[in-house]
Every structure is written in structure tokens, then in C-alpha cells.
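In order of appearance the chains are A, B, C and D, and numbering begins at 1 in each one.
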Amino acid sequence: MNKMTNEMQQLLEEACELARGHLGEGRVASYIPELAKTNPANLGVCVMTKEGECFQAGDTEIPFTIQSIGKTFSLILALETGGFEETFSKVGMEPSGDSFDSIIQLEMKNWTPYNPLINCGAIATVSCIRSKTPFEDYLDLVRRLCGDPKARLSEKVYNSEKRTGDRNRAIAYLLKSDKILGGDAEEVLDLYFRFCSVLVTAKGLARYGMILANDGVDPISGERMVDARIVKTVKTLMLLCGMYDESGEFAVKIGIPSKSGVGGGIVSAAKCGMGIATYGPVLNAKGNSVGGEVILEYLSEKLGLHMFQG
Amino acid sequence: MNKMTNEMQQLLEEACELARGHLGEGRVASYIPELAKTNPANLGVCVMTKEGECFQAGDTEIPFTIQSIGKTFSLILALETGGFEETFSKVGMEPSGDSFDSIIQLEMKNWTPYNPLINCGAIATVSCIRSKTPFEDYLDLVRRLCGDPKARLSEKVYNSEKRTGDRNRAIAYLLKSDKILGGDAEEVLDLYFRFCSVLVTAKGLARYGMILANDGVDPISGERMVDARIVKTVKTLMLLCGMYDESGEFAVKIGIPSKSGVGGGIVSAAKCGMGIATYGPVLNAKGNSVGGEVILEYLSEKLGLHMFQG
Amino acid sequence: MNKMTNEMQQLLEEACELARGHLGEGRVASYIPELAKTNPANLGVCVMTKEGECFQAGDTEIPFTIQSIGKTFSLILALETGGFEETFSKVGMEPSGDSFDSIIQLEMKNWTPYNPLINCGAIATVSCIRSKTPFEDYLDLVRRLCGDPKARLSEKVYNSEKRTGDRNRAIAYLLKSDKILGGDAEEVLDLYFRFCSVLVTAKGLARYGMILANDGVDPISGERMVDARIVKTVKTLMLLCGMYDESGEFAVKIGIPSKSGVGGGIVSAAKCGMGIATYGPVLNAKGNSVGGEVILEYLSEKLGLHMFQG
Amino acid sequence: MNKMTNEMQQLLEEACELARGHLGEGRVASYIPELAKTNPANLGVCVMTKEGECFQAGDTEIPFTIQSIGKTFSLILALETGGFEETFSKVGMEPSGDSFDSIIQLEMKNWTPYNPLINCGAIATVSCIRSKTPFEDYLDLVRRLCGDPKARLSEKVYNSEKRTGDRNRAIAYLLKSDKILGGDAEEVLDLYFRFCSVLVTAKGLARYGMILANDGVDPISGERMVDARIVKTVKTLMLLCGMYDESGEFAVKIGIPSKSGVGGGIVSAAKCGMGIATYGPVLNAKGNSVGGEVILEYLSEKLGLHMFQG
């Protein structure tokens, strides 16, 4: 056991070391000033097992904004409160093979967004949440699943997103004009921007990944945290479209259901009930963490985590 | 054991029975006269386990053309003879969320086809096969993996495909004009049409699915039939884009890597080394077998075959 | 002279008569409640010659909203105040062959709208107006060129447009997110909605058409009302893209630079300094006045007004 | 008269002089080897008046291939033999605002090509020609309208086009698969490639432009060469879509119905029965002759040839 612990610890450190050599291949997100200030050298990985062990290397406790990883929490909340039928009448389940903020796909698909993990689909998903206090419920969900009561809104990022989010605003009004979005577009957008701006850590996301990997049950307490069917749906969509228009290549090479965010995080729900999260704000051209992908590819290979690995 | 056998047999019969009630929801493919002649009442399912057991219900020995299921064999052959680098320089790994013969996606993606399982990608894949006798090698591969030495070309379907395949011909010339396709377009097309027109059975495909489910090894003889990395790639792409623009919904609901063809077949590589194949020529609007999907959904639920089922 | 007067009068009445038989082929615009209330039987035509004669038949003094015809006034104002270079750096000069509110074209053209006479291009054009009181200047321009001091804002239509204009709002935010639109999106939209909601009459528009037909000079007073280069630009764009995605067919058949609006108006600048305006709120599938087109086709043929008529 | 002659001659020489200074701004077409061999310094202009005068400067008798200018002859022939109804059931009348060989537009427009002057539309137009000897009839038409019995096929260019025309071949098969193109695709393509490969001169095209400018009548002999309605249609389409995706800008600035070809020619049907043709094989990014456009802009301004010039 102790040996296994040592080995895992060593693997994570090797993975970080390897990843550090690639950080020159990308850039920190700069579409809002707050994100551009992040230290590009930040890098970390956390693994949480169903036995409750937690392995860490690098910057696993630095808070960063959840960004698109939040789309998986929105989806859980929409399915929990709005239900499957309502939600999937507003958004599809198909991967799009397209970049995260494409409009053209919308027009071609009769304005129903392809899936809940691209911007237009996530905005539609947020509008399906039936809750009196949607942001508080969302924050509560993040805190519970990440086991991190300190997860909170970054006011700076939220304000920055809100001020500069014209493309997302355009998407919301398109959805509204085509009756996909029923309520007030600005309210839905405000939630969407808040949802993106919650601060989490790699450690917290690793726990979230571990819960997903255990089909929604906390394996330590035995408590069911999320409905099993919802988890199955979320993980399938993560696998199919969790890494923007690099999802296919990621699935072929690494083969772990994962979701990335432009804040630099990636959360993964691996085999055998293992949760993994990486943090590295340097992004590649597709918007995924350069360091995170290197780490995950290394771990997938060394630990045999590809879903179709024999 | 005998009890398990009886149970499985009963499940398959229940699944067929259930599926029969849905055959009115679709139609037999009619784009070529030969396919339109098929009996819409044909329906069958075959399951093959890694222990060598074979369960069957309905029409599992009626030959039908392999159609798009052949795209997985083309991909195996291209990766075996042309290699990963060459092949994936001509075709991507991303799901497209689009129908099988879309052109618009090509123009948007700088003319690199999204993946090897849609028509344009399959044509590009065929052009990567490095073999002196590509059709013979393809037929030999189908025969070996299906364990069916009688698999052969349907001259009638092949001639019909060739005569009416103007859209595929257009795709080939587009790929040629954009340097994706290097060789002679008509030769590549001829192979593509032949590949689609090979006659297989549900029984044969179930064995193929079982080989894929066992990472390329025949579990009975212990012989490696296909390289493990190739199988991993093929299964991942089947999961992401094996069911045309219904792939996402199929993955969420049924969660088994599968590939369908407009001949009415679906091959699936399930958990625990189990291969499944269904046959039912009545197709839904997306081009997938209506009966096959009902059967697979039933089996996935009853046998817990969803990849993310706990 | 008297004889010519009689003949023209008779022609207009025949044209109206002919048009009345076609009003069943379309429908009054219904995207906002105010427009849907219009009487579908309204129909009129007014011709104004450079000699100052005014011929009328039918409903030439019923006020209706200018809608997209206002895009020509916006363009004049933008070119007058912002200049050619600035304006045409934000919007192109190419016909799009597409419907008036397409988004897909935007994404394909790197977000520069094709031309100033489709919605996205008109919104970009409005943002180029350099004026402290843009709506007053616009209203003043409409009044002067139509010779109609009573032209004024319909508050009801304006409020209705503003409340339901989500697709135009989406377009504005897309343009803003891509730096085409520099200022405040809501301010530009507010102007755009006001511009669409000004009440004019066929009689007023006929005078405007006559001024355009005389290259911007009032032939009676000899006063230059609009710069000649601006008029040349506006008329060319009217010819190429003034009738939405029916512009080409209209140019081939009728051959008079014209601009239509969903309020039911069409303004035309014909040969020999003749201005024509029609009013008929029943629209065809392309958004053009059914009655107006019948009248214009009749007049073009009878009077030989096609620009390439020998 | 003599003075006018001198003035026109001087204008043409000034225009050529001016154009020569811009030849560095583009490149000779290189998609087929035969075109790439052309001397980039070639430059010429020819003006033919309805009085029968012919003014020339530069290289007006060097033969070059007609290329897309031939699309206007195809259209005349299709309208003469197949008729308006048949032809315009296969191809639209709308400008596309798109580059000459776009496919995406086809898919968006339900596969009916936008207009007869882009590649896909021209291929559809060729298929509407009802003639036993279509190429001979085409060649005869070119010879008669250009007054050039020496116009003939360039075998080299034809073979080169045919060998490398994969994109046009793709377009033909797309049209065939969507029932726009009824006959044999390779036969239609063969005609299309032949039509593009006919050798003409600026002098010949100037005469053709003059015939178009005189509504289809040879003003010297008084003979009607082309039906007036056909000429009206052709000139309108030239104005709207004769200069690829630069048609709008060309119409606004120069305002003369014109058609260009990648062989370097531009034919124009100007006011007052004047035909103009330019030759200059250096093309801009849109595929139009750099020198030709400079010359036409100069002449339009100096001679007041813009259709909406007062």
C-alpha cells in the first residue's frame, strides 16, 4: 500500500515535470483582463481514489475559475430540477466537432444547440434550471461535490465576463428569438456568467471527478450525491464533447471522460472510481490546458486508464 | 450455466419481439434499387461471448450488405498498412454531429474530413490503404474477423452503388481537388463501392464485435487478430461517431461502441468481451436500423452494458 | 400633355386593378402585433416625374412604417457624416443572395456584413453615423427628401420592434463582439428600431425616389439634396440587394433600383428622373410587397423602365 | 469627329499607362500550367462604338482563353435552345456574394445554384443547352458575336482544364446527385471545359460587348443577333454577378455590366451602345484582371459610363 502510494506520487511528479516542458506551446486565456493576469507557470494535478486517498503534485490548492467545467454542474442542476425531457427538448446530445462558440452550427441545426457543453447549449441548459435561487443552488452543488465549502464567486472575473461577453449575449438573444430560451435573456446570461466565475481548486475538482467516477455515490460515506442516470449522461457527454473541438482526439488518445475550462482546469472521471483534476492555465489553440493534457496522457498510459484499454 | 444460457436466449427473443412492434417507424433504404427489394420484416440479433458461446434470435444468417460498417474494416486496413500518421493526416478524429453525407462540413473544416466513419472520411481512409490487392485484403479481413469464409461481394449492389453514387463521386473529386486524396479518384471510389457491397450476416458481425470487445484478440484461440492500439482507436470512433448524427443520443442512452450500416446491420463491442450484432433493414430518419436500436437499448438496460453503468 | 396625363393615370389604375387580383398570394407581416393589424386590402401607387407631375392611384396617403426602406436613409446619413471610407470599412458592398436576417453569412464573411441593406449591415451602418442627434437628423432627412413634414415616429411600432427584436439584438452583439460595432450596442439598436418605425406615405416615397432618380437634385428647384456620389452608391446597392433574396429576379424582370420594407412599401428610382412608390402590406415569402411587385412589373413593361430596355 | 477620335485614343493610352503601374498587385492564374505561361505584361483595351468605330491600345489582338466570359455565351445558348423556364428551373437569378467555386452555398440553397455566372450555375446552364452539336453551336455563336471567325479551341488549355478540373467535376456530380443535372455528368463537364478554352481577343470581345450594349442588334447592319429579352437578362446578371465576389464593389464604383474571366479578359456593355473589352492576365485575389479594372474605372469616370451617372 505504502509502495503504491509512493509510486502514484512519483507518477504525478513525473507527469508535472514532463508537462512543464510543454508550457511554451500555448498561452494563458486573454479574452478578459482578469484571466490574462494568471501566472502561466501554475501547474498541478490531484488524484482521488475511491478508497479516499488523495495524491497531489504542484499547484493543487490555487483557486482558479471553473469556466466551462461549470457546464457539467449546470447540466446536473437542469436535469435535477427541470428534468430530462424538458432539458433535452432545448438542447441536443450530439457532439458538434466545432469550436466552442460557433454560431453557424446553430443556424444549420434549426437553432437547437448541439449539446450542453458548448456555449450555446450551456446557455440553453441554464434556462432549464427550475430553482428560486439558481446561483445559490449551483454554488451549493459545486461546494458539495468538490467538498470545498470555500468555493465562491470571483466578483472580478464575473464583472469582466459580463462586461465583455458580447458573443454569449448574442447567442442568448438568438436562442431567445428562436424560442429555445423562454425567460429573460439578461437574467439567464447573468447566471451563465456567474456560473463560469466560481473559484475552485484542482483538489476540489478531483473529488468531483471521483464522485462522477463512482456513479454519483461518495464511496467513503456511501451517500448518493447525484442520480446515477444523470451521472451516466454527464460522463457520456464529457467523453463526446468535453474538450471542445479536440474531444475526438482526446477520446482516442487518452480515453477518459473529461471536461476542460479556459480557466485552466480539467476534471476527469476515470476507471475504477478514480477522480483526477489538473490545473494549468496555459491553453492550446483549442482552448484546452496544455499542461493538463500532457499530464492526463501520461497517466492514462502509465495507469491504463483509457476506457477501451484492455 | 445452462440457466444463464436460457436467460440470454430469452432476452434476445424478448428484444426481437419488442423490436418487431417498432418496424412501422421507418423504411428500408431505397437509394439503390437492390436495397429497396429487402424484406422489411427481416430481424435478428446474435450475441457472442468471450467464452465462445453464441446466442441467436431471428434472422442471423441472412446475408446483407455491410455498407458503412465496412468503414471500420477500411480504417483497420488503412492503419495496418498506411499507419496512424499518414491516415490521420488525411482524416480527423472529431465527431461531426452531422449527417453522413454532408458537404458543408468539408468546406468549413478546410476540406479535411472530420472522421473515418462518415462518407468523406471513409473515402479518404480508403485512399490510405497501402496494398497491392486492396479489395482482396479487405475481403480477407472481413472473412477472418467475422469467421465467415463465405463473405463475398454482391455484384448487384456494387453495380447499383457504382451507377448511382454521384454524391460520393462528388466527395471524392472534392477531396482530390484539395489534395486530400492523392491517387486516382475513380479507383478509390471503385474500392469504396466494393467495400460497401460485401455480404455479411449478423452472426459473422457478432464475432467481429467480440474480437473488438476483446481488444483484438480471439479469446478462444488466444490469437491476436488486430493490433490493440488500432482496436482502441476504432472502438473510440465507433462510440463517438458510429451512428451518424444520432451517435450522441445512442451513446448517452445505450452506451456501447457500435457502427451501423444502411444495409440494416449494427455491430457492437460491449463490455466483458461480448460482441453483439443486429440485423433489421428498416431504417429511421438518421439511417440507423430501427429494430437494431430497440434491441440494443433493451439489452443494454437488461445486461447493464452501458459503458458508464455502475 | 393632357393626353399623357390621362394615359399615365389609366396605367396606374390598371396596375392596381391587376395587383388586387394577387393579394391572396401573401400575408401581412406578423412578427410584431402592430404590423399584423394593418388592412391587407391597402394598395396604392404614386409616380412623380421630374417635371413635377404627380400621378396617384389607390392608397397613397395612408401612413405606414418605413421599415427596411429606412436602410437607404441610414446609408445616406452614414456616408454624409461618417464618410465612405469609415462606412465601407464596417460593411461591404456585395449582394448576399441570402435572406434578410441570416447569421450564417456573417460567420462566413469574417463578420463583416455583406452590404448596408440587410439587417446586420444596416445595424453596422447606423453605428457609422456621426451626429449628436442621429434620430432627429434621420427624421429631418426623411422629411426633406419625401417632402413630408408630417413623417414621424410610430411609438407603437417602435416599442413593439424594441420589445421583440431579439434577433437584431443578437446581430448587434455579434457585431460588437467582433469589433465591427464600436459604440454601445443598445444605443445603436435603439436608433435602428426608431429608424424602422418612421411613418411615411407612398406619395412621400415617390418624391424620394424622384430625387434619387435625378441624382440627388430636386429638378423643380434645382437644389442639390444629396451628394451625387452618395446617390450613385445607394441606387447601385438598391439594384443589387434592395429586394432581399429576390433582388436578382427583380432586377432581371423589372430592372429598376428599388428598396422594399416589410411595412409594405417599395421605393423606386426609375429612368428619366421618374420616382415611383407603391404601398401594399401583403408580403410574399421573401418579405416583399406582393401588390407592389405586380404594379412595378406592369409599369416597367408598359413604360419601358427596365434599365437595360433598349 | 477626328478630334473625338483623337481624344478617345488618348484616353485608352492613358488608361493603359495607368494600369501598367498596378500590374505588380496581382498574379497570372496558375491553377493550370497553360495559363501560368502567359506573359504578365500583356495589357490592352478595345472600344467599339455603335457607329462602327474601333479604338485600340495595347495588346488587343493577342488570343487568350475566354474562361468565365464564356458563361455568358452558354447562357445565351441555353436560353435560345432550352428556353427561360427550363433554364431558370435549374439555376437561380440571385447574386451569391460568394467566391466562384463555393460549395457551401449549394448546400444552403437546396442545391439549386444561385446564378448562371458562377461555376456551379454555369455547369447547370450548359446542361440546359438543347442542341445536337453544342460545342459547334457555341463556337459559332462566339465567332458571330465577336466577329472573329478565327475563334477556336485551345487544345492545350482544354486538356489542362479537363485533367485538373476536379472541383468542377465534384460540382457536376453534386448537381447530378441532386437531379439538377439530368444528362451525363462527364459529357456536360467536357462541354464546360471546352467552352472555357476558346481563344478570343480583346477586339472580338469589344464587338460582343457592343452587340450586348445595342440590345442584341448589330447597329451597322441592323441585324438582330440575339433576342432582346435574352440580352436584358444577360446584362442584368453581368451587372449583379459578373465579377465574382467583387461584383458589388465593381457595380458601385464602375457601374458597367461586365464579365471577367481568369484568362485575363473583361467584356463590358456600356451606355450609348458602346462595347469595351480589356485584356490583362494579372489577376487580383478575387480572380479579376487587375489591369482591366484600372482601365475600366478610368474610362467609366472620364466618359461618364456608370449606369447611374447623371
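Here is the rule we go by: a contact is a pair of C-beta atoms (placed from the backbone, for glycine too) under 8 Å apart; a residue touches a chain by one contact, two chains touch by 3 or more.
Since we're looking at a predicted model, the values are computed, not measured.
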Query raised in the report: To reach chain C from chain B by way of touching chains, what is the minimum number of steps?
Result: 2
Query - Greatest separation from chain A - chain, by CA centre - result: D
Requested in this report: Could you give the separation in Å between the centres of chain A and chain C, each centre being the mean of its C-alpha atoms?
Outcome: 49
Query - Intercentroid distance (Cα basis), chain B paired with chain A, Å - result: 32
Report summary line: Two or more other chains are touched by the chain D residues 104, 108
Requested in this report: Make each chain a node and each touching pair an edge, then name the shape: line, ring, star, complete, other.
Outcome: ring
Report task. Throw together a list of every chain pair that touches. Result -> A-B, A-C, B-D, C-D
Query raised in the report: Which chain A residues qualify as touching chain B in the complex?
Result: 92-98, 104-105, 108-109, 114-115, 214-215, 217, 228, 231-233, 235-237, 239-241, 245-249, 251-252, 255, 257, 306-310
Report summary line: The chain B residues in contact with chain D across the complex are 102-104, 106-108, 166-167, 169-174, 176-178, 185
